[in-house]
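Right after this note come the structures.
Common to both upcoming complexes is chain A, partnered first by chain B, then by chain C.
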Partner chain A sequence: MASIEVKNLKKKFGEVKVIEDFSLTVKDREFISLLGPSGCGKSTILRIVAGLEELTSGNILIGGKVVTPLEPKDRDIAMVFQNYALYPHKTIFENLAYGLRIRKKSETEITARVKEVASLLQIEQLLERRPAQLSGGQQQRVAMGRAIMREPQAFLFDEPLSNLDAKLRNHMRVEIRQLQQRLGITTLYVTHDQVEAMTMSDRIVVLNQGDIEQIGRPLEIYEKPASLFVANFIGSPAMNLIKVKTDAGNVVLPSGSPVAAGRTLPSGEITLGIRPERIKLSGNKGAQSLPYRITLVEELGSQKIVHGNIEGTDLTVVFPEDTALPGEAAFVDLPLNYLHFFDARSGKRL
Partner chain B sequence: MSPKSRLYWIVCYGILALYGAFTLLPILYLAVSSFKTQQQIYDGIAATFWFTPTLDSYRFIFETKPILQMLTNTLIVSVGSTVFSLFFGTIAAYGLARYNFRGRDDLAFYILSIRMFPPIVAALPIFMIFNGLNLLDTKTGLIIAYTTFNLPFVVWMMTGFIKAVPVQLEEAAMVDGQSHLGAIWDILVPVLRPSIFAVAIFCIIFSWNEFLFALILTKSQAKTLPVAIPEFITWTEVGWNYVAAAGMVLVAPVLVFSFLAQRYMVRGMSMGAIKD
Partner chain C sequence: MLRRLRPLLFLSPTLLILLSITLFPLVYSLYLASHTVILTNPMLSGWSLTDNLREVFIESPEYWESMLTTLILVVAVVTLEFVLGLMLAYFFFSNFRGRNLIFPFFLMPMMLTPVVVGTIWRFLFNGEFGLIAGLLKAVGVENYSILNQPSTALVGIVIADVWQWTPFMLLLLLAGMRALPRSPFEAAQVDGANAFQIFRDIMLPMMKPIIIIAVLMRTIDAFNRMFDIIYIMTNGGPGRASETLAVMAFRQSFEYFFMHQGAIVALSMLVIITIMVKILNRFIAGRKGA
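== the complex of A and B ==
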């Protein structure tokens, strides 16, 4: 078990800069997700940590030891790939055993360890088959098994669940997290699925075009997004973001209606953010209420997603399923302590 | 899906039968002719398949020419050039398939274009170079010449096959503790085995049948069988039965071999269906 440190990582593909200046420490036994949209450089960072890709400059440390010049084989890490990359010509047993065979372990030791790992992942009955004879979920388990066979210093995952159907994905999410906690292996996990990142991680790194937008615990990132990008990326349905102007302690909606900000804000163009699930929607007009016109309701069973607008400004609201929606005369309240403000130009949180 | 009509199958098999006849009849005719005397060859159509077979033609060709030596030459040259082409070709293909470098696609096309080159154009310069290097009438020389023509084919085919194998397989092996070369040897080569086998068969057959270079570059020592066959047609007689017998000696091993190997050839050529 060990920490992973990435120091001032820079990566160019030819002339194209993909990673500008990336630093991160994954503490011993910690589970960190790299979360970001497609093409932001998540896989590139992971592959550099694994030693599969060369870096342009910077340093990688695993367990306090500089591994930058080392080949993947000398880094003592395990990796699970999106397509699992099981060896198609080997049986599941041999797929699991391969790492130990390279290390010239004895046959009895190998058999014992394969049995142990297979029973941990409940794949004992598959050992004689070949990868093509397994379902996607089973292949995923074998890939996991292969990763833990050697008890490596660290796990690296590159979107391991994205080829599974939604139900299996939810299931494997829990299973991977439990396994990681039980074994206490330091983990760097790449995903573009915010639910995976939110539910599995100790900390999340939100990436945007190779730059870190925010590092934090899942709830921290949800409650205090550091930038417009994070605010927009985390949460479903996405946070409502409204371009507003400031005016003496108030913000002014595009329609001209003022909304109490509860704090002083710099003057000029800013963006107001509020999560759909934090908005109070009712039929009663309170002191701070704004008139709301409902245009569409999506029923999810557990809740309703209400689309509508305040005097022309679009606003999405999540509404509990067990309460009746207000009719024509609807009002929304935007609770002060759930308002987020961002500089409209830099995108930074205010 | 509705069952195919009777007519569909009749047409299908009709076409297949025609095609089979088109490709197999010449070989059958060759085989039949090799068991005839010179006189019987010229007997009428009716006598094509009705005659008293004789082994005289075979006896004659083995007595007048070093058929066995030429057959051995053919085998050595074919296998030799195939081994070299596969070894160097697969390495080159790996580079083209796995690395992205400037001018890669141009290089790949240039390599293929060597194969499109009419061999006769290259024959004269190769003859002069070999003359200078004392490679004329040597098996080494022929192996080199055939390798230049098999290599582009191997590179082109293997590049496609390697591209179809996810690079993550090798990467997984490297993370598992294997070196890059070790990963290629342990994982990629076994996965590619059917394809390598299929490409090898094509190379062997090309060299086995090659005529032009063998004619120009060999005289006696390194002479291969295809070159000897037309020598039975001389100013004084046209020995079709001898041509047929020598042809049979050349074709028979290939026929047997192809028949045994066809399963692998089909599998190898339809590779790339790795589940990912």
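== the complex of A and C ==
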């Protein structure tokens, strides 16, 4: 199989710079997600790797070979498009078979391969239909099937699950990952869904306006976000971010209450971060506890999301479903080892 | 009662005009077709529908000769216009510098009235002072005009019609191409298809509905329009070599003054066109349903 290397990629649409300087190596057999908000350039990068979009400068290598000047057809990649991009006039069978027909494979070989892929994706009973006669989830599986018909050097996925309902999405997530691992094909996967990125990837690339904010394994990114942007983007509900001042080993909340930082921090404005699921909420006041006023509780069934504030500073807490919430007299503890600190100006992790 | 009549009252001027320009000619030509109306011999008159039909459809071969001429012309011009229109549409589909600048020139013939187009080409083909005769003179052929030969007059007409109406095909097919979704093309590129394969396997099949509609529209139009250009260029000649049904209807009525025969030819065209329009409508409705 093959690695994908993107070297110093720049892309402008006319005068608009979309990607400034992007470099990334997807190792052989690796599954990397490009994660970022809408409009940050994820699709653009993917389409440039596929050869569907011209780059302004930089180089693309697939399997160690420079493919920058090559057309998509000569790059030996397979792509699943966000909107599936099935051939509307062809049956599902012909949709799957087209890549092999182009390569002049024999009819018996094509039929055998289509059968194989169709059974893998459980779409055997759909082969005679046309795309318009399929549900979104079925179309998505056909699009997947088309990609794995031949064994390409690399898979490129552009938000392939974004149009599916939650249940089907969870199911397909597992299927895609298993398939990728079984076939061992290098994969670049674009998504704006952090759960997809967290659960499927070997590594995640967090993008912000065309720049890489952080590259790392999913847990690394969750536990050590490199910047305010990543901290804010990863995790649901989002990490609590509080502007604080430092004071000799403590940080001081806007209300004036000190919180132990457990380490020395540069003086000045910094941002304290703590994930809602790491906060301890109870009716008992401990040595480090802060008084907490609950304003709203969201019941998710599996857990409660509690909104409230510490002396005026908003704080969201995730609370287990099976435990009774404390009443008026509630307190929160912010465990030392789960505190994150960021430079308020640059956004960099401290 | 008055309330219910009032809308009719306001509509009546429009209705009267519409009826007088649509219904009246139809009724009148039905009258002509079923009676003996020969302008040079007003003494002959009276009901003669079966005689008239026999005269036109059975006793003389002229109607069927004109039918054949019409079909040959329609098939030739529609085929050529489709092929050329498709090639031009594909050409203008790609982005190149100056595309928007030259595109209007390709549409111009369509905007001229057929009489002008006919006149232009009659002069171009003229055997004595036409441009083409001039070029032929240079290689030693004197006084040659394809319009003067029964065997080639149709070719001249085809050229003029193709020149005028290929832009119509170009316009429809280009609009159809532009309206195609982009993503199947990209999928085909990734699947490994080259430009020709994408054209043949993706673009053409996806354009099938618009192609059918364009060809049908052009066929209907060519069938009943096979008049003005011909009238100007050859007036159906030499002999009857380029006499289409429309020209025949005209000549029977206004050159030979057999009004009833002209009316029958015209009404037969009406029937044929109505059937073609029905087919076209079915395709358009089918496309909406899909």
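Everything below uses one rule, namely that the second predicted complex is superposed on the first by the 350 of 350 C-alpha atoms of A that agree within 3 Å, B and C clash if a C-alpha of one lies under 4 Å from a C-alpha of the other, contacts with A are read in each partner's own complex, and residues count from 1 in each chain.
In this section, contacts are C-beta pairs under 8 Å (C-beta built on N, C-alpha and C of every residue); 3 or more make two chains touch, one makes a residue touch a chain.
Everything numeric here is computed off the predicted structure, so don't read it as measured data.
Trainee: Once the two structures are overlaid on chain A, check if chain B and chain C clash or fit side by side.
Mentor: By the criteria stated at the top, chain C and chain B clash after superposition.
Trainee: Of the two partner chains, chain B (first) and chain C (second), which one does A:G99 touch, if any: first, second, both, or neither?
Mentor: Touch partners of A:G99: chain B and chain C.
Trainee: Which partner chains sit in contact with A:Y87 here, chain B, chain C, both or neither? Use first/second/both/neither.
Mentor: A:Y87 contacts both chain B and chain C.
Trainee: Chain A residues touched by both chain B and chain C?
Mentor: 50-52, 71-73, 77-79, 81, 83, 85-89, 98-99, 102-103, 132, 146
Trainee: Show which residues of chain A lie in contact with chain B when the two form their complex.
Mentor: Touch residues, chain A against chain B: 50-52, 71-73, 75, 77-79, 81, 83, 85-89, 98-99, 102-103, 131-132, 146, 150.
Trainee: State the interface residues of chain A toward chain C in the complex, per the touch definition above.
Mentor: The touching residues are 50-52, 71-73, 77-79, 81, 83-90, 98-99, 102-103, 132, 146.
Trainee: In the complex of these two chains, what residues of chain B are touching chain A?
Mentor: 166, 168-169, 171-180, 182, 186-187, 190-191, 274-276
Trainee: Using the touch definition up top, name the residues of chain C that touch chain A in the complex.
Mentor: Interface residues on chain C, with respect to chain A: 181, 183-184, 186-194, 197, 201-202, 205-206, 208, 290.
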